[in-house]
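Note that the chains take the letters A, B, C, D, E and F in the order they are written out, and that residue 1 is the start of every chain.
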Amino acid sequence: MATLETYIDRFRFAELKREGGILTIKLHSKGDSLRWGERPLQELPIVMWEVGQDPENEVVILTGSGDNFIADFFDEPSQSGYAAFNFDRALRNQRAVIDGLLNISAPMIAAVNGPAHIHSEYALLCDIVLAAENTTFQDAAHYQSGLPPGDGVQIVWPALIGINRARYFLMTGQKIDAGEALRLGVVSEVLPQADLMGRARQLADQLMTVPQTVRSLARETLNCYWRRLMQEDLAFGLLSEGKGSMQLYAERQA
Amino acid sequence: MATLETYIDRFRFAELKREGGILTIKLHSKGDSLRWGERPLQELPIVMWEVGQDPENEVVILTGSGDNFIADFFDEPSQSGYAAFNFDRALRNQRAVIDGLLNISAPMIAAVNGPAHIHSEYALLCDIVLAAENTTFQDAAHYQSGLPPGDGVQIVWPALIGINRARYFLMTGQKIDAGEALRLGVVSEVLPQADLMGRARQLADQLMTVPQTVRSLARETLNCYWRRLMQEDLAFGLLSEGKGSMQLYAERQA
Amino acid sequence: MATLETYIDRFRFAELKREGGILTIKLHSKGDSLRWGERPLQELPIVMWEVGQDPENEVVILTGSGDNFIADFFDEPSQSGYAAFNFDRALRNQRAVIDGLLNISAPMIAAVNGPAHIHSEYALLCDIVLAAENTTFQDAAHYQSGLPPGDGVQIVWPALIGINRARYFLMTGQKIDAGEALRLGVVSEVLPQADLMGRARQLADQLMTVPQTVRSLARETLNCYWRRLMQEDLAFGLLSEGKGSMQLYAERQA
Amino acid sequence: MATLETYIDRFRFAELKREGGILTIKLHSKGDSLRWGERPLQELPIVMWEVGQDPENEVVILTGSGDNFIADFFDEPSQSGYAAFNFDRALRNQRAVIDGLLNISAPMIAAVNGPAHIHSEYALLCDIVLAAENTTFQDAAHYQSGLPPGDGVQIVWPALIGINRARYFLMTGQKIDAGEALRLGVVSEVLPQADLMGRARQLADQLMTVPQTVRSLARETLNCYWRRLMQEDLAFGLLSEGKGSMQLYAERQA
Amino acid sequence: MATLETYIDRFRFAELKREGGILTIKLHSKGDSLRWGERPLQELPIVMWEVGQDPENEVVILTGSGDNFIADFFDEPSQSGYAAFNFDRALRNQRAVIDGLLNISAPMIAAVNGPAHIHSEYALLCDIVLAAENTTFQDAAHYQSGLPPGDGVQIVWPALIGINRARYFLMTGQKIDAGEALRLGVVSEVLPQADLMGRARQLADQLMTVPQTVRSLARETLNCYWRRLMQEDLAFGLLSEGKGSMQLYAERQA
Amino acid sequence: MATLETYIDRFRFAELKREGGILTIKLHSKGDSLRWGERPLQELPIVMWEVGQDPENEVVILTGSGDNFIADFFDEPSQSGYAAFNFDRALRNQRAVIDGLLNISAPMIAAVNGPAHIHSEYALLCDIVLAAENTTFQDAAHYQSGLPPGDGVQIVWPALIGINRARYFLMTGQKIDAGEALRLGVVSEVLPQADLMGRARQLADQLMTVPQTVRSLARETLNCYWRRLMQEDLAFGLLSEGKGSMQLYAERQA
């Protein structure tokens, strides 16, 4: 059985801290906002797996660093990045992140500290989602980049804002700001960036007041919703994205 | 085949009245607002079963008494109330209420006469939901009381307000007032309490204008939505709540 | 493999035009707004089939003519129209329109040019939905006409506006105007009627910028949503509507 | 809460007996084999409901009388029997029998005492199915009688013998004898008629050895299988059968 | 509405004949056993579409020519055949064949006249499946040829013989002869080749004895089974096969 | 990315060996047949996770040691073993084993070397299942031990032998020998124990002949079957078993 000591220092893109049962996962690139790429995607499944194995994580807060949640690419998939092997692995990793996140049996709070233009679903799948006022949501990683939206965004966004709003959002590159995200029910509270983590911890304390098994059953009961949707459509979406990337690579090479 | 005479006077917490095919079910405790507890939960499956068996109920109005729909407990589940046997029966009854309600083949109108903090799903599952201006919605029976939300609220609320709003609502004890409920599509009209039943009857008259089999097929066609969701997740939720209650009981005893 | 020449002139209620891979389907009755009836319903499955068979249709715009999308009946189903045989065929055709529309692998943009009171689902199933300011939505073809809402409206409307708003909309004859449709996420942009087609083409051009297979995979990935819902409930709905029409016919004859 | 005394003598077509928690439901017509018709179908939902409400029924045995389980019609649906109203009620009753049977939380043993040519699904849905050597299975109530097989046989038979065997069985009137039923896994033991009830009671005693809640959870865990299938396809099937009967009636009248 | 005259002579690989409402579709290559390739796959969706559009096809018999049902390739997908574009089209066609076959509302009888090693699912999806004694079943088109089994075989075979038998069959190249196919419930009767069509017509005549709408509802009721399975897994399978073929092509080119 | 060196020696109950891409997982207790208990259940999720993370495992063989696959308990859950906390963890582990096994993207061959009376589903979920002649199958861990069958057996056995055979098997303690398992399609080949591993390796070599991505897509395509079933019913089953164990523990304490 995992204990915090065995995994707290293993990660390069995720800083972990636990106080009184409340674990904070802070995504980052050398301390500043995480810049997305293959390496964080290889690391995150293991973060989620380890966090989920350790029963002493009783509530989990997921947040970013600096002014963005995740908004920029470190290594924009280069031409060679589109080769089939890597993409297959990337998609397998993406699946493992989502499965791993849903398998964490502690309630999760997302504290979205700013623009979430890449993998916003990591935050949106959490039970309670708070956003800083400077947050914007966008899907920068798919249609705009020549790829079909299949890594989970095609599931999470229709569930949150309705299928017609979501298709427009995913196919046109629309940006949604914090106020609109609140109106649409994507996030549940919008706060000044400075107050974000304080409020997250306050809610975490509040969630701690029921027995652990009850907390975990509440989480599981509500996660049924996402598990079913992921089971139904994630595999097809990931495969679409994989095939799309091969096609894009072939065209670019030709 | 049931006729009104055989069941109209059997119930202690539900006053029935039928005029021109329109049956009104008025929930109450000695004439005032229903106070929730084990006994109404034992009675309601039979109310629903009898109402559903009688083809002369052509439209059904569900309402409360006094200033609340259901907002208070009569017998707050005492320590002893958490013993396993009773909880199992309670959850079996809850399932029977929901099945019974959905099996009524007449269109149903909910006239929510005030705060619905306990089992608001009984109203929200009706085809048309009207609310008095003094109505508020809350989930007082689960997370706040140390139980996982598994008796149907975890299904009905995400369907109505989206999964992220619903998780916040169910896990933090949030109250939603009538105006917000209207904006979110939880209810379809908000009226002064005094006008509520009049409007409900007006809509009932309007629903009566199509042939009975068409009315019943319309109801059935739209109920597909709820039947599927209940089939998918209700059993797991009820079991979660049952297990959570045993755990809570065990902890309180220890 | 179909080519445009083989089907462009076959249709009486749909004018087709293709420029640079962007196909526009303009519904009409002799050049003015389409008036609904049995004959357009016989033709539309073939329109969808042919459009779907031709890989040179790369983006598709669906619109109406004159001031309505579809708002009036040409031949209000007469008494004799309710005879079982015709209704069975009509419902089989309706299923073929929906299947055919979803089987088109090119992204689709609906330009709703005005009131859509009959078969608004043809527009709402498109990926991007634009509406002219004079648009209103209503379901004129079912409950108000004595039929259960089973031809797809019972699926599309709950998905777009939530089940409780949708039941109210479908059972009371409510009208939703363009502004409310935008707020509810039914449509994604509202424009002056004169600007509608220009904006549709602009978006079509934008959608053309990714490789064809990616465009088609994006469409397919997002269509999973509708395919599942249609599979789950369309057959039951169509059968309900068919049985309801027989009943209505029998009552009217008696 | 129901007790045996309140319902044991209410039924005309079902003789109830309980010994040591083991309830036997013996279907009959005046003591001999049940002859099927509208009245038993009106009574059976109530039998199932009452049996399911009473927690003192700990194991249930379902059997027939005389030499048949159910093999003959009492009142072959006459011409007038095909009128829409009665058929709708019949199908609603059929649904209630199946729901009621699955809602019984005690393990059920079917002791099929002979030919089961009508509603064999009542027996086949039980947890353990024993058959007398003289048993044969057939579907006499549908295709052979001019009706689509939609009342549950189209779900139960494909589940038990595979879809291709089941379609042949349902569309050609094939008979399956006890030995073949055993080979195909439809029944689990075949015995001389005289030994049938003894063996059923022996198995019932064996099932009694675990705690009641465990027995009931085991039943529920395995019933997931049927609940899902019934949810998916029963409503459509019943409606098909209802529509088919209207059509048949119309043709016979013409 | 299609009539036989408009489509009977359009097909190169399917000879159509209709007597008394019974349509026979005889697959062939220049009169002898059909040899599989891209062109029959382009034609078959249109065959199914036209047959399904014509209400005068009341029972349909599907058979092959000569000594094989489909057992050999005409144009074994050459290296160049693995190019993405063609494969995508091929898989789209395959989906259209299956959808088209299931959309035929007349009962279907397969008369498998010999080895069915390629696309045996066309026969096995029919309501009644008869086989000549010389029939064998095998999956020659996938794992043995370096492709994942995704075009429907991965759905049809587990449904018919169980998932573990099916995985062995699909991954090892196993052959199943007629007798074993009968024992496993894949086919329902095995006959000398000379008697096959006679028996098929005899069963077709028998199926004709119920009213057309009942026949069609019976077919639809039982087709629910396949429609659901195809909806759940066909799209993913086809995409897997498409991606697998790109990979195979890339490897062969390298 | 995991490499064999990092995990090969970490396990106490699983001996790993890899030759030419073929990994063999041999379950054992100190070299002899694995005796089941809490510790192997804690280790197996990690085995599956590590094997699944390493792309150099191209085909996987799962087998046991000595004369049993898994047939005996090391530490029969003692009274104290029934305390809630441990059982919750055990069930979470069981879920992780099944998820982990299905997430391995290499084809899997089970070589069942003898009696599989506990967790036979680990073998039966593999793509190809071979059994030694001395193999018997039984469910010794549930109904016979006072627990509801909820850890996956209630899903795997109905899928393999049909729901009625499976309920009998699970509720009566029936034993199925190798020959019967072959006839029922539970296993695909039965061999002398001495020939078992040789045949497994022969099949593994045969599976190696297609490109890795094709092999992995074939596995994934066929795994859809199990993923869906596990998603639908595993969570409910595990919770039932957890609640059943609390009940059993409470009764034994009383």
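Quick note on the criterion: contacts are C-beta pairs under 8 Å (C-beta built on N, C-alpha and C of every residue); 3 or more make two chains touch, one makes a residue touch a chain.
The model shown is predicted, which means the values in this text are computed figures rather than measured ones.
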| Farthest chain (mean CA position) relative to chain C | F
| request: Superimpose the Cα atoms of chain C on the matching ones in chain D and note the rotation angle, 0 to 180, in steps of 5 degrees. | output: 180
| said: I'd like to verify one number: the distance from the centre of chain A to the centre of chain D, where each centre is the average of its C-alpha atoms, in whole angstrom. | reply: 50
| said: Please tell me the distance, in whole Å, between the geometric centres of chain B and chain D computed from their C-alpha atoms. | reply: 32
| Quick one: chain B and chain F, Cα centre-to-centre, how many Å? | 43
| field | Interchain centroid distance [CA atoms averaged], chain B/chain C, Å | value | 35
| Residue numbers in chain A touching 2 or more other chains? | 84, 161, 184, 213, 220, 224, 228, 235-236, 240, 243, 247
| query | Are the chains arranged, by touching, as a line, ring, star, complete graph, or other? | reply | other
| task | Would you please name all pairs of chains that touch? | result | A-B, A-C, A-E, A-F, B-C, B-D, B-F, C-D, C-E, D-E, D-F, E-F
| request: Within their complex, state which residues of chain F touch chain D. | output: 142-143, 146-150, 154, 158, 161-168, 170-172, 184, 232-233, 236-237, 240-241, 243-244, 247-248, 251
| query | Can you list the chain C residues touching chain D in their complex? | reply | 84, 235-236, 239-240, 242-243, 246-247, 250
| note | In the complex, the residues of chain E that touch chain C are 1, 42, 49, 55, 84, 88-89, 92, 96, 99, 103, 105, 213, 216, 220, 224, 227-228, 231, 235
| query | What does chain E use to touch chain D in their complex? | reply | 107, 124, 127-129, 159-161, 184-188, 203, 206-207, 210-211, 213-214, 217-218, 220-222, 224-226, 228
